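Input: structures, listed below.
Look at the two complexes coming up: chain A is in both, with chain B in one and chain C in the other.
Now for the complex of A and B:
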């Protein structure tokens, strides 16, 4: 209860900003800056005027949002797996690092919009192109962090593993990965927020559904409150993903936080 | 059981090369508890790492039960000084102790049981489910000792195991070491820079000189047992040996011919 109250108190800027925004936009009366009340109405008609047996969700809500979230998460999971595997390999093998690192530095410097053209040429328009584009664009923070985390495993932990004859698999899964996990999580978190951006980007050019497509659609038909409504949904999604991720991180890395506090 | 012949090691090369070990010969018999004492930075850890197969020495060889040490031998355990970096903070205490037991061909239940027995021996069975960072330094070092005990090594190496705990805990851990050694008749090589500790714990004290480390003294400790922190330390033989080891560590000659 107390925490709830404190949470509510912390949110005080939200209504204040909304109110100011409402007054300002009503005052200037620009088409491209609709007042929040109008955005809310438009969001309501866009997503929540469907039949009751579908929880009032509209077709647009039921197709675009899950489709986009699906792409985003597929790209993120793919990037996570590839980034961790490759990053740990690079971190543990100086030889591999010498050969692959220049390639990594080159690939991560390519701006995502340019990648888009490349992936469209490679896969043509469709989920394959979108997911691989998202994954390629966001894999770098995971890869680089995983590589650094794997390289910085405490020497005494490795010595201990050697003395007690841990197998290669045990060393990897019981020592190296847990050691690198705090860094890997930091990378995954950055990638998750990047994934949202790249998801929209990929849907703006190469898609016939999804939140990005809906944004484009609203823009084409000069439905400015629709544009703003879609942006709000993206913001909410970003917030939800980040909160869910932080909650997961707290669980998985509880040893890390506590160990740091006590030593 | 442990035989070291003409062991030498040099770190690096060229003008920055550091000669840490300069030809060490040492034999340790089955069941012996040998303390190796020497000034800080003289090469004690280098010696221990060579015995453990963690470091390939530049010269000489180490044989354990007749087999030359190339990689880390499978019947050897180590207790490091820095317990906070030796235990794995992402595993519970009992998982830390039981992790090395997989290679002993034990199933999950057996591993858990062996780990609990070892924790009981060091008086920490109540902390099995805790994490290392929830324990005090002395308790963490007990967990390290329990991990080594559960492993049932032929040879236990300890590198300044009590160097970073307070005096009271240090005495407790010394007594714990003596107790488990009597129980299991283990061969132990304990490295320390503490002269009193070497005499109190050891059957034998080997003194190393400053770099490059060489053996400058090898003394048998014949103190009436069982050893006790108060009475043993005031025993005339203890006082005498302590002075003798102290002189050797500082590179001084014995004042009287009786002390040799």
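Now for the complex of A and C:
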């Protein structure tokens, strides 16, 4: 209770900033800078004025948000699987690494927006294009971190495993993957925040639904409180994803910290 | 003398890998495994990429993108480094602003483009401002993180020798934070390219490699132009990143623990 209270007190600047913002925007009266109260009202009508049996969620909330989150997570999972598999292979095989590394370094240096048009030409507009675009754009941090992590496995652990007669598969799942895990998680986290950016971009350019599309739609109809409201929702999504990821990471990697302490 | 295995040579293997991919793509295109209309022949793409070097329109687009990128990064450093020092050395201000920053940070900068398009009439200004917003975060966070890492003993030593606050800042805090700032700027430079090109794609009408892709999208052989431009964007990304890494290694050779914070 005490901690909760202290947390609430820590947030005192938020109402102060909101109040200043309200006064300022009311003062300048610019169409593109609506006061926060108006943004809140527009967010409420956009998402929370549906029928009661659907928890008051509107059609827009029930279609656009899950669609976007689904694309983001599919792209992220796809990138995670591909990145970990390829990354571990590269990390464990110095020869393969020497062959592929320049290609990887080059591919990850390409700013993903440059490839959006290419993916649109390849798959035409739709979820397939968006998911593959997101996955291609964010796979590199996972891949590179997984390969670093797999390369830096303690030799002694591997030798011990070999002495005890662990098979290749067992070594992979019991030694290599667990010891690469902290690095892989660091990569997955960077990828997750990048996935949100690319999700919005792909929906702004080539989409007929999703949060990014709603953002564009609001801008085209000069509904600036709608634009601001959508930006706020995207910020909240980013915050939720990051916090959820950190919580999951703490749970999954808690053994790692305690294992490190004993050695 | 040990026998020299050619497969130990990084450069040779890397070149073989690149050449191998090129040959696979070329053969797949020529045998019809990949429809050349969907994905043009590797040789066609490479030829197009080479031709772009003498294409004046493309070059001026590249110059415009790089100009916005450089200007944006310059403003970012001028803004984020002092802000990071201010927040890092005034814990009360930092804890007051933290909730605001924690809320602003996860907002994807791309989402601000539709708003910025409405506010700014000049596309170049808009691009620079968006770059500054997006690139500020890694620089700010790395600066604050680096400031926490400053050796307290070194600061105390200087203080006990009678040096003032500004001398401590200038002689201890700044040099020992500099490697972290450099890492932040390197991360920011990649983000700046992403945001700048996205703004060009969505804004249209302006100059830049993003607009170049947009304009060539109408051609029948658009994919060829898109991939060729993407190759050059990759080269730009690689060269800028490489220059930052090189500069970090040269300038901060004394700094042993080059830690990365993302």
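In the analysis below, the second predicted complex is superposed on the first by the 258 of 263 C-alpha atoms of A that agree within 3 Å, B and C clash if a C-alpha of one lies under 4 Å from a C-alpha of the other, contacts with A are read in each partner's own complex, and residues count from 1 in each chain.
Note that a contact is a pair of C-beta atoms (placed from the backbone, for glycine too) under 8 Å apart; a residue touches a chain by one contact, two chains touch by 3 or more.
In this text, all values refer to a predicted model and were calculated from it rather than measured experimentally.
Of the two partner chains placed by superposition, only chain B is touched by A:165; chain C is not. Shared-chain residue A:13: touches chain C; no touch with chain B.
When both complexes are overlaid on chain A, the residue A:197 reaches chain C alone and has no touch with chain B. In the superposition on chain A, contact of A:154 is made with chain B only, not with chain C.
In the overlay built on the shared chain, the residue A:138 is in contact with neither chain B nor chain C. With both complexes placed on chain A, chain A has more residues touched by C than by the other of chain B and chain C.
Applying the stated contact rule after C-alpha superposition, one finds that A:228 touches chain C and leaves chain B untouched. By the document's definition of touching, of the two partners only chain C reaches A:112; chain B does not.
With both structures placed on the common chain, the touch criterion links A:39 to neither chain B nor chain C.
The contact sets of chain A with chain B and with chain C never meet.
Within the complex formed with chain C, the chain A residues making contact are 10-14, 17, 32, 95, 98-103, 105-107, 109-118, 121-122, 186, 189-190, 193, 196-197, 200-201, 204-205, 212, 215-216, 218-219, 222, 224, 227-228, 230-231, 234-239, 241-242. Per the touch definition, chain B reaches chain A in the complex via residues 52-54, 71-72, 74, 76-78, 80, 82, 84-86, 88-91, 99-100, 102-103, 131-134, 147, 151.
Within the complex formed with chain B, the chain A residues making contact are 154, 156-157, 159-160, 162-167, 170, 174-175, 178, 181, 255-256, 258-259, 262-263. Chain contact summary for the complex, chain C toward chain A: residues 7, 9-10, 13-18, 20-21, 38-39, 95-100, 102-115, 117-119, 190, 193-194, 197-198, 201-202, 209-210, 213-214, 217, 222-223, 226-227, 229-231, 233-238, 241, 262.
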